[in-house]
């Protein structure tokens, strides 16, 4: 039950924002082995100059960064996370987002930290 | 000192958004035993199609999901969290939000991870 | 590689919002000993009444709260965090933000939870 936050420049057309969200979902399904229907995402369109990233820190060449935040249950090892990051970046690249412009950050919680709606809560797994 | 984030469709009138925030605060006070004045909330109104949730994953029937994120100190057990989720959903339901349309995610930190303003910081508890 | 989120009233002019972001970056560089180029920030302008804070909880006198969220690798001790909070508040005060109106919350993750762009990822540190 990852919850994805996408912060994107409001100069990006709505259809493209939604395509980015599709790509992130598909990348996580591929990289994490996550169910493609396990999809909860919020897109925040923001003024381009409100998305701030150092252009070269750690060797990147950043120009118009797309921020992707992933809140998910602590259950994936580092290699799986890296695979997911690469899968997300590759799918975004197919939509024209330069891999240097993808910025992903993960935060982790536990299975008990989620309430996915009343009926979802009743059928949610009680452990991982 | 929970910090609450509410992501809501911008088609929901402002007065209703603020009522939702009241309801979330009251639900947390009830469910967590939190002080009702321990209130720090940020509401993000977003285009409805920027709030994405699978309609049926885990058995829910989601239509217009309201996202509620809770950042709070790690100090509550699973049963207390579940009680808080139910209290929030029940109070939102009284305002017309279907329980299936409530999505809550918790992230935890420590007491030392908060700065609640200069004077607040001076009087903040040093441990839980 | 902290990721900073600044939630600010949309009545604050854009130039001032960007100055706040500068101040937060400089405060973290000072307080955490962070590289000044290690800068990744997202500013969310929101209606003033969507930024909700109890005016007096814990002894503060809050009026127009600026919310600053810090997602960073778990590697700083409590004293360093407190020093960073003070440095951020002091620099914001120089821009006219009352220290009581600064609200900071930290969330922590690990080095492996970041993807700072394709080339950045390749040169990212593998441990702290």
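Here the chain labels run A, B and C in written order, and each chain numbers its own residues starting at 1.
Just so we're on the same page, a contact is a pair of C-beta atoms (placed from the backbone, for glycine too) under 8 Å apart; a residue touches a chain by one contact, two chains touch by 3 or more.
Quantities reported herein were computed from a predicted structural model and do not represent experimental measurements.
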- Same or different: do the copies chain B and chain C touch each other through matching residue numbers, with over half of them shared? different
- Relative orientation of copies chain A and chain B, as a Cα rotation angle in degrees, nearest 5: 120
- Rounded to the nearest Å, the gap between Cα centres of chain B and chain C is 21
- chain B residues touching 2+ other chains are 44, 107
- Okay, in this complex, where on chain C does chain A touch? 1, 3, 14, 17-18, 21, 35, 37-45, 71, 107, 109, 112-124
- Residues of chain A that touch chain C when the two form their complex: 7, 44, 46-47, 49-54, 56-62, 65, 67, 69, 78, 81-82, 85, 88-89, 98-108
